[in-house]
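Chains: A, B and C, in written order; residue numbering restarts at 1 for each.
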Amino acid sequence: MSILDRPTEAPPRHGALGTSPTRPDGVAKVRGEFAFSSDLSADGCRFGATLRSIHPHARILSIDLSAAWKVDGVEAIITADDVPGAPTYGLIAQDQPVFAGDVVRYVGEPIAAVAADHPETCRRALEAIVVRYEVLEPLLDPEQAIDGAHPPIHPDGNVIRHQRIVAGDPDATGEVVVEDTYEIGMQDQAFLGLEAAMALPDPGGRGVELHVATQWLHEDRKQIAACLGLPEESVRLVLGGVGGAFGAREDISLQVHTCLLALRLGRPVRMAYSRAESFLGHVHRHPATIWMRHHATTAGELVKIESRMLFDGGAYASTSAAVLLNAITLAQGPYRCENAVIDGWAVRTNHLPCGAMRGFGVVQACFAHESQMDLLAEACGLDPVEVRLRNAMTTGDRLITGQVVRNVAPVAECIRAAEALPLPDEPVGGHPLPDGGVDVMKLPGGAGRTAETTDVVRGIGWGVSIKNLMYSEAFDDYATARCRLVDGVATLKFATVEVGQGFVTLAAQIARSVLGVDEVELDRVDTDIGSAGSTSASRQTWMSGGAVDAACRAVRRRLFEHVATRHGLDASALLIDGTDVVDAASGWRAPVAELSAGLELDETAVYRHPPTEALDENGQGDCHVAFAFVAHRAVVDVDPELGLVKVVQVATGQDVGRVLNPLSVTGQIEGGIAQGLGLAVMEEIVQIDGVIRNGNFTDYLLPTFLDMPPVVAALVEQPDPFAPLGAKGVGEPPTISSTPAIVAAIRDALRQAGHGGPRLTRVPVRPSDICC
Amino acid sequence: MPVLLPTTLAEATAMLARHPAATLLAGGTDAMVEINDGRRRPGTAPDAVVIALDRVAELRSWQHDAEAATVSIGASLTYTELMAEPFVSLAPALAEASRTVGSPQIRNAGTLGGNLGTCSPAGDGLPVLSALDAMVVLHSADGRRALPVGEFMVGVKRTALRPGELIARIVVPTLDGWQGYAKVGVRNAMVIAVASVCVAFDVPTRSARIALGSVGPTVLRCPEAEAHLDAALDWTTMALDDDDVERVGRLVAEASRAITDHRSTAAYRTHAVSVLARRLVRRATERARAA
Amino acid sequence: MSEHFVLRINGADHEVRDSWLGESLLDVLRDRLGLTGSKGACEQGECGSCSVLVDQRLVCACLVMAGAAVDREIVTIEGISPDGAPSDVQRAFVECGAVQCGFCTPGLIMAVHDLVDRIDDPSDTEIREELAGNLCRCTGYGRIVEAVRAVVLDRRGEGPR
């Protein structure tokens, strides 16, 4: 049944679905009163800190703690020997040690942790620990992980996953063939809210309560309990305020360490990472090398796609297997193509471990396939929009895995909607100032005053993408929510993690729409209720939204039953209109607040999506749940001689299904595009000989106010019949095809400037890639 | 209390004489980064001391000597202050360079004296001081001395400062002619210069100056490019042939001693200073061509 | 670790004990004085999350040595709106959707207060240049610029009420 069960087509009342009520935690956040996990403290709390490997690959010969114990104020020092339960953890394979025991496999791998009375004492204690290493040859070339040139760096071997896809006729060819090899550098999620947690041990030490900023409480709990050697019920997680996530909090970082120290001391322990440590302490986006060859007719219609994708997963497996799956299964992009041969590898090296980051493998594949579509356009004499429209997928088309796309698939609509958005009305350098001069801040180089307007050329570029929503490959994913209606006030409980995306706002909107209440309270987010799954994969609006919706509907059914009995009505004829219960048969109505007075209705619901399948050895199978689509058009001003760029506008048409909160959707689109821009022109973790060289914000560059342009967005609303609220997840698509659109715009500018040259097959594009 | 807060130069130098190993603290924008990182700690010894310089009156003032054609700048003036008058008029390239430093937060704290004391080859004010032939005035309890800025900046984060000395003032000649500063970084704000150039002209003495940042162990001057400009420029109209502009660019490239590091490559840096120098010279001579 | 001094914060004197020489104002605010509204995200003055006002100048508290900030008037996010009600800037942030995770928010509120108090009618690039020292990873800055515009219009008496 649709949410549109109102007797009239009135616009939604403020606070209900379709409006933009202010977020419930907004006032606390603007006052600095919102408690992030790094703001938590407790009486008698001690501080913890981690000792990390300085080599990418080495045997640990000895760890001498004696000098560290002499530092005044140190109360505990733990190593691998002190892990009572499972020595390793991991999201798919449990291949990652809590503390390195005999071997370290990446720079930054934890070796020991200390607890002391003050962070400064911790720092001095760490400095006093002496580790003797035997340096080993690191495996740094991912090709060597495949060709066996390097011995295994882990008992599980150097290949994390190898998967092929063979679709249709593998020998098909097209009259037009374009190919190239693309490289995507390692991007960091760089959330601002640094890792932090506080563990409170139970008296007697047989349990612990952990307050932590994470993405999935229950998955954390499972791994923590296993490592602590405790039953899951004895490990309780409470969500600490999360300062952004973007995938970096899916893996365990400081959770087990904090709990171990707290249990060791019998006192609360807090741990918090610095920015430099954060770069080492969480997983990153996989760097990848992707070869692609597209075959097409002379009219530009795709005939076959071939690809070899190599993802460098770093030292531990994390979610590399799933990241690779997304990349290869969506290699064709949002386009029809019957034939494909794809060879995908996720491998282990002694680089920093990689895992989830917004876009999860599709970012890398999309940069490759969109660059290819532009090559195809050129080869066929088509413009970039036309070649994409000719191949655009619609509902009922198939992926190269054989899966039919049953969701709405308005690819052409997204492209046309973006195309219809006005181009910037300001020329290169902006409108002249009143005194006739130029606002240097509008030129590439900004305050550096590097260029005149005559040194700068404007280009336009396109990118279009598909993204799978939710988890894949037969993963049993679900979300739980509880709704209590007491005296006209609805209280919701869920374990859904709010990372800033606005689920806390949406949940209340759902309750208001379904129950007709105005006042909605949110209970604490913790493991006292069943799992809501991860805040990732653009899944929470669909999954947790679906669970909250189901729980509220269950409460509403009970309310209607009660009202029907009380007033001699037929429960099946009752509906909610605004804040009233209405009898559709007679028109009788009364306020929900009145009717629910004295009642206590309490329902818990679990929302599950239909099952998916694993892939067979040819990569065939219905492995994804649902899909969303997006188009981006970028306008970029380029100084070809210096290679500096300024992104002037990004326009987008995004397939959102249904807009549940316009301001939240806008926020996800603008924020996602900023991350896409970052990957396009400035963000990369630089590792040389396996050592990170720019683990700080001076040299890992995030887009500033001056780098990020205005965004114009068209929301393509075709409610999806499979989505419980009609809405698709919107978090990831903005970050996926914005990157290739920006790079395409740079190429366009260079072409116009007569600098035919650089193919720009690598992101982030550096100034020297453009000009030298 | 081991953070000492002198309010006069005499107080400050006396404190420094008593505590030669003291950490000197100007705006903190360099020192505190190192302290936060644990790379530098003022010292855990009981007699460790920090001398804060932000309240010393003589370091917070400026004087314009029209006759000597100089402006004497207190070492603790901030970049925000240097972005305003009288510096916009008296040393416009310095005001331009100040605007490129970090952010408002950094500009409100960072000082020219601190920039000189850190002496990074990428320091934003430094190519300007070099091009303008500034003098660095150093004070100690024993007296004072003045060094040309080129002699003060010895190498990568190495200066000619002696124990017991602090940077008190920077005396900047107020040239008569066009001057400008340009800097390249990967993003549009908050960047450490990958390449920077200051070009300045002094018409009465017919001297052109070109100083380069981030392409050597310290700021470099370009004597050959300068000599070429001195000879080729029409000093009455400020006109210059396109060929001569190109030649300046090439001579600047030859003066570069850039290295490759995690921020950029030697080739790009050399290319960038060459382009910037050419564009600054073109900017300087465009008005003449337009007129 | 044995430094003792007094800091004047949000109009009140705060005694600091046992600080270590070189400790930043940010760490003293958060760890010793319980004023956790200012946030630390980079330790280098690059992100602006720790922005405070010292003698009415916007600076990064992580780059201020606490012991050198004595006898200065320090204003933090806890004191930017002295009567306890959210300021016009704080209200605009909430209403315009300029807050997602909220970690950058206190620093940005401080920077925007500084901006609108100094510049009456900032252009779009002025807004962006003055806020370039504050990083946000969630919003892409669009709604924040809108919030600033709303404040500017409102102060000029031209905004929607």
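Basically, a residue touches a chain if its C-beta (ideal position, glycine included) is under 8 Å from a C-beta of that chain, and two chains touch if they have at least 3 such contacts.
Since the model is a prediction, treat every value here as computed from it, not as a measurement.
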item: Graph class of chain-chain contacts, one of line, ring, star, complete, other; value: complete
item: Contact-richer chain pair (by C-beta pairs counted) among A-C and B-C; value: A-C
item: Cα-centroid distance, chain A relative to chain B, in whole angstrom; value: 43
item: Chain B-chain C separation of Cα centroids, rounded to whole Å; value: 29
item: Multi-chain contact residues (two or more partners), chain B; value: 37, 188-190
item: Contacts with two or more other chains, residues of chain C listed in rising order; value: 20, 43-44, 46, 129, 132-134
item: Multi-chain contact residues (two or more partners), chain A; value: 276, 441, 447, 698, 704-706
item: Of all residues in chain A, those that touch chain B in their complex; value: 123, 276, 441, 444-452, 455, 641-644, 646, 681-682, 686, 688, 693-694, 698-699, 701, 703-707, 766-768, 771-772
item: Interfacial residue positions of chain A with respect to chain C in the complex; value: 20, 22-23, 25-36, 38-39, 118-120, 190-194, 241-244, 246, 274-276, 430, 439, 441-442, 447, 499-502, 663-664, 666-667, 669-675, 696-698, 702, 704-706, 708, 710-711
item: Sites on chain C touched by chain A in the complex; value: 1, 20, 30-31, 36-44, 46-47, 49, 76-78, 81, 86, 90-91, 93-97, 99-106, 109, 123, 125, 127-129, 131-145
item: Residue numbers on chain C that touch chain B, as the complex places them; value: 3-5, 20-22, 24, 43-46, 48, 51, 57-60, 62-65, 67-68, 70-71, 111, 114, 129-130, 132-134
item: Residue ranges of chain B in contact with chain A within the complex; value: 37-38, 96, 99-100, 180-194, 196, 262-265, 267-268, 271-272, 275-276, 279, 283
